[in-house]
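So that we are looking at the same thing, I have put the structure below in structure tokens.
The chains carry the letters A, B, C and D, assigned in the order they are written, with residues numbered from 1 in each.
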Amino acid sequence: MAVIGTPPQLEPAKNTSNDHLVKSDDSQHPANLIPELCAKFWHLGWVTGTGGGASIRQDDLVYLAPSGVQKELMKPEDIYVLSLKAQTDPKQRIYLRSPPSFKPSQCTPLFLAAFNKRNAGCCIHTHSQWAVLITLLLEQSGAETDIFEINNIEQIKGFGRGCQKTGNLGYHDTLRIPVIENTPFEEDLTDSLEAAMDKYTDTYAVLVRRHGIYVWGETVHKAKTQCESLDYLFQLAVEMKKLSLPWLSNIA
Amino acid sequence: MAVIGTPPQLEPAKNTSNDHLVKSDDSQHPANLIPELCAKFWHLGWVTGTGGGASIRQDDLVYLAPSGVQKELMKPEDIYVLSLKAQTDPKQRIYLRSPPSFKPSQCTPLFLAAFNKRNAGCCIHTHSQWAVLITLLLEQSGAETDIFEINNIEQIKGFGRGCQKTGNLGYHDTLRIPVIENTPFEEDLTDSLEAAMDKYTDTYAVLVRRHGIYVWGETVHKAKTQCESLDYLFQLAVEMKKLSLPWLSNIA
Amino acid sequence: MAVIGTPPQLEPAKNTSNDHLVKSDDSQHPANLIPELCAKFWHLGWVTGTGGGASIRQDDLVYLAPSGVQKELMKPEDIYVLSLKAQTDPKQRIYLRSPPSFKPSQCTPLFLAAFNKRNAGCCIHTHSQWAVLITLLLEQSGAETDIFEINNIEQIKGFGRGCQKTGNLGYHDTLRIPVIENTPFEEDLTDSLEAAMDKYTDTYAVLVRRHGIYVWGETVHKAKTQCESLDYLFQLAVEMKKLSLPWLSNIA
Amino acid sequence: MAVIGTPPQLEPAKNTSNDHLVKSDDSQHPANLIPELCAKFWHLGWVTGTGGGASIRQDDLVYLAPSGVQKELMKPEDIYVLSLKAQTDPKQRIYLRSPPSFKPSQCTPLFLAAFNKRNAGCCIHTHSQWAVLITLLLEQSGAETDIFEINNIEQIKGFGRGCQKTGNLGYHDTLRIPVIENTPFEEDLTDSLEAAMDKYTDTYAVLVRRHGIYVWGETVHKAKTQCESLDYLFQLAVEMKKLSLPWLSNIA
């Protein structure tokens, strides 16, 4: 995953002379927000054992948590930065700024998909156990379509109606989150993630079977609160399953 | 939900010149207490993904958390303030102080119902999963009356006996929390919430099916501790259900 | 529960001139330890909604959390202090120091039982849901003896072998915690708590049906760690029940 | 467990003149890391009631949490230090530095096994309830081999492929964690722990029936993140069991 053929106008890989990109006194700067978010996610059990991650896009700049970092201990200087425009070859990642240690995250092309295809401002990846259990329960049910569906729960209103639509889902609307199959190498999920984005044009999230979930939003606020609402619904749905309560109901 | 027809003696909507109403060095000031409570509630999973909220009334002034805020990040300057007396038209909300960003909470008329009809000093709204599961279990049971009932559990003593009564419920008393049906727009819950308050004159809380709960009390202390005790009982009751333990028992 | 007939050598009730009894720079002083412990217990869900409490005895002085306090917000100045020797009449409590607000805890005579009958240095009372569920499961099982029993779990070694015995329980030993029936008024538990102490001379804890548990120890360290180990075992035992795993097993 | 026959070049037991071994301004010093880790583990429920522990090896020096300490309250000055080379007789432990109070941990020979046999840099012992439940479920299942097996879950990739192998397990690989039987005295686990290490040459962890788990790694980072990933998988597996989802599946 080393940088091959760095273009002249960009800093080479592992060049830390662009450290100014991750140094800011503004608590809302992406390099400060990502560690804060990741620490919060660790306490929620979403990024256990270095799993999961988060990325923020600000105009052309993409900020990424590195691979293999303990998420509750992350620091701004651990952050990768790349230019969205400059990423023309998916095999060849060009970093404007790299941390002195660490490797880039295998999630990178998946985060970029959310930025490129959905114009997202933030994308979160968790290994939430509730998300994993939902994908297992769907597999067990032998359902024809690979999609989690729930309706008539207030928390559904925490989701946007869709990328080209305004407003949020309503209480009676059915929230639908597609499921894609996991692959041995996380980068290889990119094609099926993009296919799910193409097929389910309104979704802000894609479940990955036996793995977790990718959730995005126009802003950090939206990605994070949608991720929270989804996890709430997954946990609720698992408990509903234990209590023989159906996920879909017919309430006018 | 914008302010229409602001009376001359009040500041117009989005007028932040009344910022003194939310600035205080006193940790017990409502504008300081609401963020502290909401952060605590977020950690309890009650106000996930901007859901839920809290409001405090001090004499005529009502302090409200805004809509769509990440509850663990809320600040005193995010608080709305309105005058209880001045709210004569339910469609026309008059704010003494509005935060520069954010929108008013859809819960506002529900909080006002607790203040107006019960003279409450604080009202809390949570999306607790235990509360939601209780309403689903009651629906599943096909019970004739829409009410959660539990007795012979010590924690029941954490509840007041009723608005016109002194003292708290006893160990052998049955705690009864009515359930109302959810509506697509939260404001539309107001009528049925008020009807439930009228029907169950002693209750300090109303469950909302597939949504959550509203809990109030004469003081912040009472609203908060009653909300905690209720959530404890809901969680216990869900676990009891899983273990085939009945919620009501006959102990002299 | 007001003080009747204060003896001359003692400060009258609500006399706060003995504030020096609860003011200390030593973090290990009981008036500093009780709030720290109670905040910790609140986060563990043991003292929800002002339920539960804790008391420390240092020689003749007994320090007590008051009634009705939010346990995560407690301060040293909220603490009651009484002299153990001076408590001759169970109906007549004599406080050396009372907080300006608050009422004495109904748990007081139960804490005193641990100090008087067992020479304990600390006693903790929780409303832990796991403890309550254990008492409900025992009731459901129709067992002849009212006692929780578990063996062959390493955590059992966290318990002392008994008051007149040295050392801790072994892995193969059976931990036995008696259960007493709850009463409408907490003070009325005193007789049956003392009877259970007399009958089960080795126990450091008594479960109260549908209510919670009292746990004590020679020191704060022992009471607190025994309380933790017990709660661990109760939670484990509830999960074992869900998974049809027996609490008692026959391993040589 | 007192020190017998201290060799001349080493400080005698309880000699605290080597306090410099546990005093450092470097947050990454083992004497600072162990308390930080243990506090974190306490909040995860892994080291409840003084159970469990952690040890770090740096070259020849081994740093150990003491026995019987409240893990969330541990301080650098509570740490034992010994020389790995100097431990020739398993019955005779030689400490370079001992804390003024506390006793050495019974886990010591088990931690040393990880350092000696696997060249580990850190070893963690937890009483996690999920680990205990897994050992109980395996016992219940009457499986012929005493080993926990799970595959096709992304989090499996959080584990190293083995001590003499590079890289981590893949998504389709089966993670295997052997189970050994518990013994009344923790030190007596040493032989069977070492036997399990010999038999399962690739494992980084050994479950102890009805007790907990030992997890190690080349570094603190690896031991801690592997321990987290394992606990995630144990919790997931218990939930899978409740929902009748098999731990092993056949996905190409």
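In the analysis below, a contact is a pair of C-beta atoms (placed from the backbone, for glycine too) under 8 Å apart; a residue touches a chain by one contact, two chains touch by 3 or more.
These numbers come from a predicted model, not from an experiment.
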Classification of the subunit C:subunit D interface as same or different, half of numbers criterion: different
Angle (degrees, nearest 5) of the CA superposition of subunit A onto subunit D: 90
Centre distance in Å when subunit A and subunit B are each reduced to the mean of their C-alpha atoms: 33
Averaged-CA centre spacing for the pair subunit C and subunit A, given as whole angstrom: 46
Contacts with two or more other chains, residues of subunit C listed in rising order: 242
Interfacial residue positions of subunit D with respect to subunit C in the complex: 45, 48-51, 70, 127, 129, 132-133, 136-137, 140, 182-184, 208, 210-212, 238, 241-242
Partner subunit A, residues of subunit D touching it in the complex: 152-155, 158, 170-172, 221, 224-226, 228-229, 231-232, 235-236, 239-240, 242-245
